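The same chain A turns up in both complexes below, where it pairs with chain B and then with chain C.
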Partner chain A sequence: MNLSYRFFQKIFFPVVLLFATAFVAGCWDYRDIDRRFFVGSVAIDKGPQPGKYNISFLIPIVRAIAGGEGGGGGGGGGGGGEKPVVVESTTAETIIEGARNVALRLNRDLFFEHMRIVLIGEEVAREGLEPFINPFMRQTEFNRRSRIAIAVGEAKKVMEVRPVVEKLPAAYMESLYGNATHSGKFVAGDLGDFLHQIHAFNGNALVSKITPDSSEVNIGGGAVIKHFKLAGWLSEEETQGVNFFLGKITGGSVTIDNSRGKCTFVILNAQRSLQLTADGPVPEFQLKVNVTGNVSETSEGLSMDTRNEEIIEILVSEKIRSEILKGLARLQDDYRVDVIRLGEFLHKYYPRLWKNYKDRWEDIFSDVKISVSVTTDIQNIGVSK
Partner chain B sequence: MTDVFSRLRSGKKRDLYYERDMSPDTSKKLKKDIKENEKEVHEYLYDCDDVITRDFYMGTTQKHEMALMYIDGLVDKNLVQEEILKSLMLMTRQAPLEHNLGQNFFNMVKEGLLTAADIKEVDNFGEVVLGILSGDTILFMDKFEKALIISTRGWEKRGVQEPTTEAVIRGPREGFTETYRVNIALIRRRLKDPNLKVKTIKLGRHTRTDVGVLFIQGIASPNIVDEVLKRLNTIDVSGVLESGYIEQMIEGDWLSFFPQLRRTERPDVVAACLMEGNVAIVTDNTPFVLLAPGTFLSLFQSPEDYYERWYIASMIRLLRFAAAFFAMTFPALYIAMTAFHPGMLPTDLVLSIAATREGVPFSAVVEAIVMVISLEVLREAGVRLPGPIGQTIGIVGGLVVGEAAVRAGIVSPIMVIVVAVNAISSFAIPNYSVAIGFRLLTFIFIFLATVAGLYGIMLGLLLLTIHLVTLKSFGAHYLSPFVSFRFSEGKDFVVRGPMPSMEIRPGYTRPKDMNRMNDRRHDTTEKMEDENADKQ
Partner chain C sequence: MLTNNDKITIPQTVALLITTILATGILALPRNVANAAGSDGWLLVLLAGVISYFSSLIVGALVKRFPGDTFIEYSQKVLGKFPGYILGFILILYFIFVSAMSVRVFSEVMNAFMLINTPRGFIIITMLLSSVYLIRHGIEPIARIGEILLPILIIPIFAMYLTALPRADFSELLPFFDTPVKDLAISTIHTAYNFLGFEILLMIGPYMRSPERVMWTLLFSIGFITLTYLFIVVIVFASIGVEDSRILLWPAMSIIRTIMAPGGVFERLDALALALWTIASFTTINGMYYSGTLAAAHLMGAREFKFFVTIFFPWVYLFSIIPGNPLDTMRWTQISGMAGIVIAIIIPAIILVISIVAKKGGKTS
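Let's turn to the complex of A and B:
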């Protein structure tokens, strides 16, 4: 076979094709890793005028994180005193515009795929989330696995917290959400969950609450969003109750305190089952929760024997039941918003019934009767009796 | 040998080497007069001062004039003295020959007097001259139009040593040498089978190198044997100095990065491949034997895969595949991941990579190319220099230059790791020349990753796959166990199955006899004894 023919067929042609793809697909977005800022967090607060927002970006300074030892060497100079993160704020009508504004001041590209948490200020949340949450759905760069939280007060304040235990505030905040096996008193769930909820249920969602302190944040409690607006907060106990209702408890603890002594019950597993018991004009439900766990701490009065074991089981059940009822009362009576997905439950399992309730569900929800029964099994009583 | 030539004659109408005007002519017959014969040979070997001629008379009678011709250094002088000169000059004195043997005298010398083992009778100058050049000794006798070629080849040669490019922990330590006969013998010692055929042809107008084509009749597919012989016979060059000459001239696709013949220094590998239906090409003057057809998988095979237990062998083979992948793509993956898709890496890793690149003046691509090239230079320098200095170069290059470059902030430490992993991976491939091929592909992948990120790397891998799928070696699919895969064809692909499960030979060579082993565990002893008795 002719060499030049083979050359054209086997080498030249594929190479030309390769080059062609480079232009056709517009894939030329090569950017060195040290020419990017990996935004850890975005905070949205109320702006000076209506329709404007104060948007802040939390940007890690990698030189300082690496401890000044790595790249710079002789020229770098002093990593010790450098701040590991900076906050860049701007006023803009949308988040993307805000990012572009910041580009006027920063020499590197903002890169959002490593964003860990979206913070929304309380005030702006009360006015409504709808105008600015769109880019989180539209832009591929926003990582749907990042967290979202409504800040108590100003969101930028949360961002300015400098944790003592970690260098990177965003990583610190995000890793708090990994503690679901230790506590059920916060709303776990990421940006993807939130976007799904808020669009599936009329702009209603249960979302995490974040409270800044001087060098720490607290993610206990929850925020209730009704029609894209912040309706109010749930306390930590109420949040745990709602989590029990939703079957999202994978850990945490319940402490009972009665006349005989104290006992801390560590939850290992919680199973729940929800049933429709009456389908009248207002539906009725029955929730059964079965909790298993260990007794990890008791005071002398409740030391473990067969009788006390039963007592503890009953007390724990009662405590959990009261938490659930508190949470439900808050949602049904105060906020009158279905963020516990009862509507979704009906829609999924009783689609014909749901048609009757669908239009009036907001009114019906607060009248819905939910009977709660909790059973507890102690699996492990500890080494000493 | 003869049927090779006849095939040649009938097929391509090519001239044979000894029919060229520059070459000695087989049609030119020997003469009666010994002096004329000597003169004629000297005309062929004009100005060849290493040719020695020794005239002598046989026996006491001094009646029979004889002459020996050989090349100094190519013959074993002891053999010439002990087996030829001594037996003809001294032995005959003790027991004088009857006179007037006439025409029988020649046969008397050949069959009764010479104690040398390997003797051949010739009647033309072509074979005489070739014999002299090959290290044989020619015995001319006056008044006979014939001569004797006595095999006295014996020159300074390297002994059988451990192969340096294919060392194993477990397995024989013997490697091929530069001597054709020794190499053939090393193979024959492993295959005591009359079906092991050795067809020798000579290649190269000037070198006239012995090239042996070895195969096992009854296993090797005749198509492959014919194809190998056909391609070998199309070779018409001035010289063949190494099997690489042959490899490059008979491979199907010389644009490919992948060698289409397997090469080995190990007789046990050759024996194993012959038993799988391969054809071996043994070339004189080189320890490297070629095996056809080559497959992609064979690049990742080491003889130890079969000597070790199958778990170990399989794991090591998987490691080699991983190593080959990294040897091709690791710097490219690094570039694509950091420059195009940093979102795919864990945040902590991204930040630490970014931190190490802080202050590095070049982009990752330039950095990668500079590092890979300098590593290639170091490797090449290390290979060419004599042993101890080579090691020094390695240390100076690897430690001093690398460390200094990182300290000076010219290169990021991560890049040093990437390039080092890339280089070490390539050395995990058993075949050195293949490893270099993979290193070449590294550059292409770096380019693709720079243009289009992971998309480019995928594109490159696709093109590579397309190329490999279409590649064929002597009629066998290059990706053979993977394409047209049949599980029953022996469990010998990415992993190697347990030895008893490899009941049949791999199918890529289209072996005539697929059966590799029989399961006789449940045969009764009597039956086996019966069968053995039948065989005897």
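Let's turn to the complex of A and C:
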């Protein structure tokens, strides 16, 4: 055999083997699971000085959770009194700096891979989000699937809520967002959606609103972000209206009330279609919403017949229409910000037209005329006439 | 003057071409096309695929015209001894450089998404060592590895990105044809970089068992690559939108982290994705590195190419650590892309034209 082959057999291959045994077994990125804190939530609040933030991390204590779930039997009585979660706060200029500050006090690494929700305090949101939202994009450790919400008041207060129904507040809050089939009165979207809106619409976004209570949080309503700054809130009704406009309704209910009695209509599905009807200096749109659902509850004595069915359909349509109009009015007149993606609609379907509006869109948007028509179909009425 | 009598079949050639072309460049592709043409980005991929196919026909024509010869031989036959020698040297340099850039991008992705603290040199050297081990065994094992790895690579890629469908919003692909034609034309050239890799045929052409079917081989390989690219770009645009694709360094990798398969069965596909990109990079490095060593062996008139595998190892490593950070890497991959256009299209075209005019080569000669 030639020299090269001998070199390979006698020297190269053994060296590779040695190399492998030395390095393959260990790893630079080896981290024990018990050397990590799995941060459930991050809260950002206004700090003592301008430019500084109070950053809080919600950290579940695995030992306490495991002890509690084992019941009285295991753990030798250790798990009982321990709190399942702790909140660690620090003052820092950015989130990453905050996480590093906490390292001075906590013995384990903060690990964000499993973060469930980002909470942003109202005051900070009013000042502007752009200084601190970038790591959610830049760092791979932050998951684009986690939720984001603007807290009414201080974000840390939301973190300090200890829900009665669940042990881990972060998991509790996140699972609330899975309730889109039960209610359309909140903004369902994750960090990925939020970043997408921020980047695509020039810093405008519709984000979830979260209101803390002593042992519960409420995610009803929405927060309107205009140029990275919180412009204001949407009420639950307005949020449902906007969700109808965006075609994001997959559930929820509408209750109507007239002289004959009450009726609760449970929404199963809503289809919407948006059309441009006039393209003058100010565009005009027509929105058609078709809602299907069940009549789930009526006042005693209100029996369902063809006539009542029609009346209920008309009344439900009216109610939904008024919700949509309320939401639109709030966005167009009060906040004057396009988070209902009309600009995007024009950009996508009428790119040439959009070029005329693009630069002045903010002024035009509040004058845009949108005619709304709603039709309702009753699918089921239960098993009572 | 074949140093190795092994020949590869047509399916093996297709597998080798596809796996060589398909590299980690695909992870950045959605960003490049989004920056160049916005929502028309997918159109760019299609155009670049068509253009690449027609350009690759030049290489194909050379393979058919000079059966049994590699680029090293026919460039000397056509252009004369000395210019051919220079071109051969440039070709070696190019292949070594492209191998270095592929392994570098691979280590970059690994560092960003999984092995955050692992030294870059370690990732590069281990990757290169496994490549060196394979390449020393010649073309036939390389092609066979390509054949085995191709389905292992392609099927999971499609399956993985299909799980993003439930969240996809295809209106992100609108507006359609909003980019000026001039911009489209210029960016198509840049997008064509991602289709480079077929130039390995300059070296491995004579190893094909039936070189007369090289055109079909190219059509199938590049067509397949175009479809794969198109699929990934469309899925990425529809899942995270054009605007986010512009910002993320490797959008095709970042969307993996937003994917949640129905029922939450596959909640975290990062590990699978990185395993796939490891395969993709490995096969690309194999093709490029092997072509480089083969070119060197032919140029020096050496009987054995294995010697050069070992010699080039430190050079590939040294080239791969030139860029300082991901931004630098991107600049260097742009340069290697431009060089690739020259090597894969312009130089072969010149040689082809001269050989036709001067009536050199041809099947009968």
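To be clear about the criterion, the second predicted complex is superposed on the first by the 347 of 385 C-alpha atoms of A that agree within 3 Å, B and C clash if a C-alpha of one lies under 4 Å from a C-alpha of the other, contacts with A are read in each partner's own complex, and residues count from 1 in each chain.
Criterion: a residue touches a chain if its C-beta (ideal position, glycine included) is under 8 Å from a C-beta of that chain, and two chains touch if they have at least 3 such contacts.
Small disclaimer: the values here were computed from a predicted structure and weren't measured.
Could you tell me if A:Phe7 is touching chain B, chain C, both of them or neither one (first, second, both, neither)?
After superposing on A, A:Phe7 lies in contact with both chain B and chain C.
Figure out whether A:Arg144 sits in contact with chain B (first) or chain C (second), or with both, or with neither.
A:Arg144 contacts chain C only, not chain B.
Considering only the touch criterion stated at the top, classify A:Phe111 as touching first (chain B), second (chain C), both, or neither.
After superposing on A, A:Phe111 lies in contact with chain B but is clear of chain C.
May I ask you to name which of chain B and chain C touches more residues of chain A?
B
Applying the document's definition of touch, where does A:Lys248 land relative to chain B and chain C: first, second, both, or neither?
Neither chain B nor chain C is touched by A:Lys248.
One more residue to check, A:Pro351. First (chain B), second (chain C), both or neither?
Second partner only.
Is A:Val16 touching anything from chain B or chain C once the two structures are fitted on A? First, second, both or neither.
second
Based on the superposed arrangement, let me know which partner A:Lys262 touches: chain B (first), chain C (second), both, or neither?
In the superposition, A:Lys262 contacts neither chain B nor chain C.
Once the shared chain is lined up, is A:Lys52 touching chain B (first), chain C (second), both, or neither of them?
After superposition on chain A, A:Lys52 lies in contact with neither partner.
Just to be sure I follow: which residues of chain A are touched by chain B in one complex and then by chain C in the other one?
Touching chain B and chain C on chain A: residues 7, 19, 27-29, 143.
Where on chain C is chain A touching in the complex?
The contact residues of chain C facing chain A are 39, 112-119, 122, 126, 129, 133, 136, 171, 174-175, 178, 240-244, 246-248, 254, 257-258, 260, 304, 306-307, 310.
Enumerate the contact residues on chain A facing chain B in the complex.
Those in contact with chain B are residues 6-7, 10-11, 14, 18-19, 21-22, 25, 27-34, 36, 38, 60, 62-63, 65-66, 70-76, 111, 113-114, 116, 141, 143, 168, 171.
Spell out the residues on chain B that touch chain A in their complex, using ranges where they run on.
So the residues of chain B touching chain A come out as 255, 338-340, 342-343, 347-348, 350-360, 363-365, 406-409, 412-413, 448, 450-453, 455-456, 459, 463, 467.
Chain C touches which residues of chain A in the complex?
2-5, 7-8, 12, 16, 19, 23, 27-29, 137, 140, 143-145, 192, 195-196, 199-200, 347-349, 351
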